[in-house]
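Two complexes follow with chain A in common, the first pairing it with chain B and the second with chain C.
Right after this comes the complex of A and B.
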């Protein structure tokens, strides 16, 4: 699952740094703009079956690869 | 009495804040007193205007009914899109009615009360999140307090219901409350300096030297109006946020040094943040998601352009059904679209975007584009070009 999320992020951000530094702040580093965030939510739904609505979490709760992975994990466990 | 403007407001603010401060220091919930204080301010601001007050009450009751009916239907398992849109449009209908009637002068003052634009955001947000399944309960007290919370009632910042409720029901330790109250006080004082000192000076310069139709006059107006707007609105926002803090609510910030923005995306994360993030989360995101479910899925830029244009046009309409507000929205929609193209397609951008000289040029360009946007927003461009405004 982790690898899949990282792969999705790499694709969206267009930079491998997201896998190398999983605590990098995607918003501050301008790696993930508004449009990219929505793409992320769509990809998580299509590829992992995890449904997250756009305002379920704040951007601060989803601004590093590790935070995103933790939330996806939690969602998968709940399901 | 006008909120955050008249001297009498500030006198009342001091008096009304003392009990909140005492409750905060003794770690008691402030919300019930906060509701009472909000009602007092509402009375001071609208008590003499029975028509406005009546429409405000009608609005709150009507929207509450719409929310509760939709919540029950949704909890009962109804996920129909048609039903969702019906209720969303119903919730926006009072504001839309008011905006359209404004074109005729609205002689009966239908839904004419200050704050309707900002309250509608909060109500629409609740309907949308009920559909999303992340709001499962709406308490009448929390609903009323969110809408009527006096620091933000007239002009924002636009808070969100779930965030607001979390603050409301949290027990704040004394040391944290004191920190919060101190920061709040600082924000109020800074806001006063912004609004009554800096904005006033800029306004004076603008009116004194910027009204001529020659090049110098236009340039002075161009370089002062945007900054005037910032200090005026950011000043008000700081006071509203600071007052919220004293009542134990961490009202979100509205501005974050917008004139240092390096690009137009960055600007909208720093200027009138609660408005732009509201639109991002509830308009831009939704348009993008529905388009991605269509045959356009792979056409990233097409989707982004449509979503940006819809988003910013709606922002223009929300400011008012006036030609230059709509033009302002259109302008920013185009800027965001162009930037999205450059950001994703340009090799030059990718190559140099981390270089210092590039960032400086980009910043200067963004600043001038943004100031031109305000120039449109002010109506001055229309006047200069002799475009008929409506």
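Right after this comes the complex of A and C.
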């Protein structure tokens, strides 16, 4: 699962640094613009079946690869 | 200027001078004239009333030149086809002309035509081209059928390399050859050569260049670089199916110079090639900017090694400030000349000597001013560059549809002269009697002094997430960043839509590091110069860019790598 999320993030952000440094701040580093955030939510749904609505979390709660992985993990356990 | 007369004069006056040399052999002016005369007689006798263009297939053998001149001296246009062309291109061009005469100026023959001496003789490159072709043929039964029906072994008119040698060595038997006095060489509005360019949609376009076009071009071009001097040494890098080669080939022949032609294998071994060019005392360097960049990857490529270079003549693609700057550093005494022009207007129509001040400025390099027989305008709405003058082609071979889209009769010419005048070589004033206009598809502008700046292709305009932008605009801004030597931006497409952009960057030194910090520096540096939506998502550092067989930047391959 982790690998899948990182792969999705690499595609969206266009830089392998998201896998190398999973605590990197995607927003501050301009790796993920708001358009990309919507793509992320759609890809998570398509590829992992995890549904997150755009208003469910703030951008700060989803601004590093590790935070995103933790939320996806939590969602999968709840399901 | 009458190029055939000039060559004849050179052959008569300085016949022992070498006209052409490559690793495949050499040719003096006397030999070139004599051999092409014999072949012209033979072609004329064989073809009779058929005055269709003749295909000349080969690479950098001296026989290529003999064949070119033989065709035009027999009154037939030639159509050069380099050995790097895929075989289905040769097939489609032959089909376009309709079972033409094909001259094989290549010692190893041509696989498609069954003239190959043996499989072992064919080069690695050809073998792989053939393998590609076979794979394609398997995919498409239709292609296979065309190949077979188009070239039934017994019907096509081919003169093999061995036969060409025999014909050109000895005077032909009476009856087998038309006497020279009965030949009517290409002149005036007769088509002199046809160069096929890859159209954006499948079918290649055959650009017809007339004798008047070529002569008009040469009248202007002999003044390049402050005037081409008599009997100098020219580099030929481009294959003959690429019109850049016309610049070195005919400028050299017109001025009794020597063409030093370098083959593909040598171009792939830069240190060895530099040795060769140093020994040959190259004086006028004619190549694409990409090729000069490739050479600069080699530290020995400098005036210390090749002190004979007087001028670099560039055409075929954008010359960047950075390339010109580095070149002027390596060759402080050589002139760097930028030129501009599409195949459709006979190689190039503008020229400018690049100065240190131009290179140091923030704006891209100018491409130059036109000569007296050319007028340049830009479309007020699209900024498309429109060229009018005596070197504009009459249009595409047997393709009135595509010709009408981009060519037109010079409007002001209706009912009189369009006002373009200039002194011709014989000293008399020549005025434009029947010139044409061509819409280039390039974007650009003229400054207040009449200097032309070209900003790239109109069709490099793309739309990403709804935003319209120019790839070249992004590239030019990337190249402003310290530590960036060259940048090319390639779109990634899926289903006809562009998903994101990748910037391929050649670094200059290490002030941008080859890691995330470096990629980040590029992104944030660019974000200060262009809107955020224009910042490529992916940044990739590379050592060099892929090149096409013609020595131009290969954008398609970069797209595939993105």
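Here is the rule we use: the second predicted complex is superposed on the first by the 79 of 79 C-alpha atoms of A that agree within 3 Å, B and C clash if a C-alpha of one lies under 4 Å from a C-alpha of the other, contacts with A are read in each partner's own complex, and residues count from 1 in each chain.
Quick note on the criterion: a contact is a pair of C-beta atoms (placed from the backbone, for glycine too) under 8 Å apart; a residue touches a chain by one contact, two chains touch by 3 or more.
Because the structure is predicted, anything quoted here is derived from the model rather than measured.
Engineer: Per the contact definition in the header, classify A:56: touching chain B only (first), chain C only (second), both, or neither.
Structural biologist: first
Engineer: Just to be sure I read the superposition right, which of the two partners does A:35 touch: chain B = first, chain C = second, or both, or neither?
Structural biologist: both
Engineer: Quick one: classify A:15 as touching chain B (first), chain C (second), both or neither.
Structural biologist: In the superposed model, A:15 contacts chain C only, not chain B.
Engineer: Considering only the contact definition stated at the top, list the common interface residues of chain A for chain B and chain C.
Structural biologist: Looking at chain A, the two contact sets intersect at 30, 33, 35.
Engineer: Flag every residue of chain A that touches chain C in the complex, lowest number first.
Structural biologist: 13-15, 17, 20-21, 29-30, 33, 35
Engineer: Quick one: which bits of chain B touch chain A in the complex? Just the residue numbers, please.
Structural biologist: Within the complex, chain B contacts chain A at residues 125, 128-129, 132-134, 160, 265-266, 280-282, 284-286, 288-289, 292, 300, 303-304, 307, 340, 343.
Engineer: Can you check the complex and tell me which residues of chain C touch chain A?
Structural biologist: Checking each residue of chain C against chain A gives 465, 500, 502, 516, 519-520, 523-524, 527, 532, 536-539.
Engineer: Sort out for me which residues of chain A touch chain B in the complex.
Structural biologist: By the definition above, chain A touches chain B via 30, 33-35, 37-39, 41-42, 53-56.
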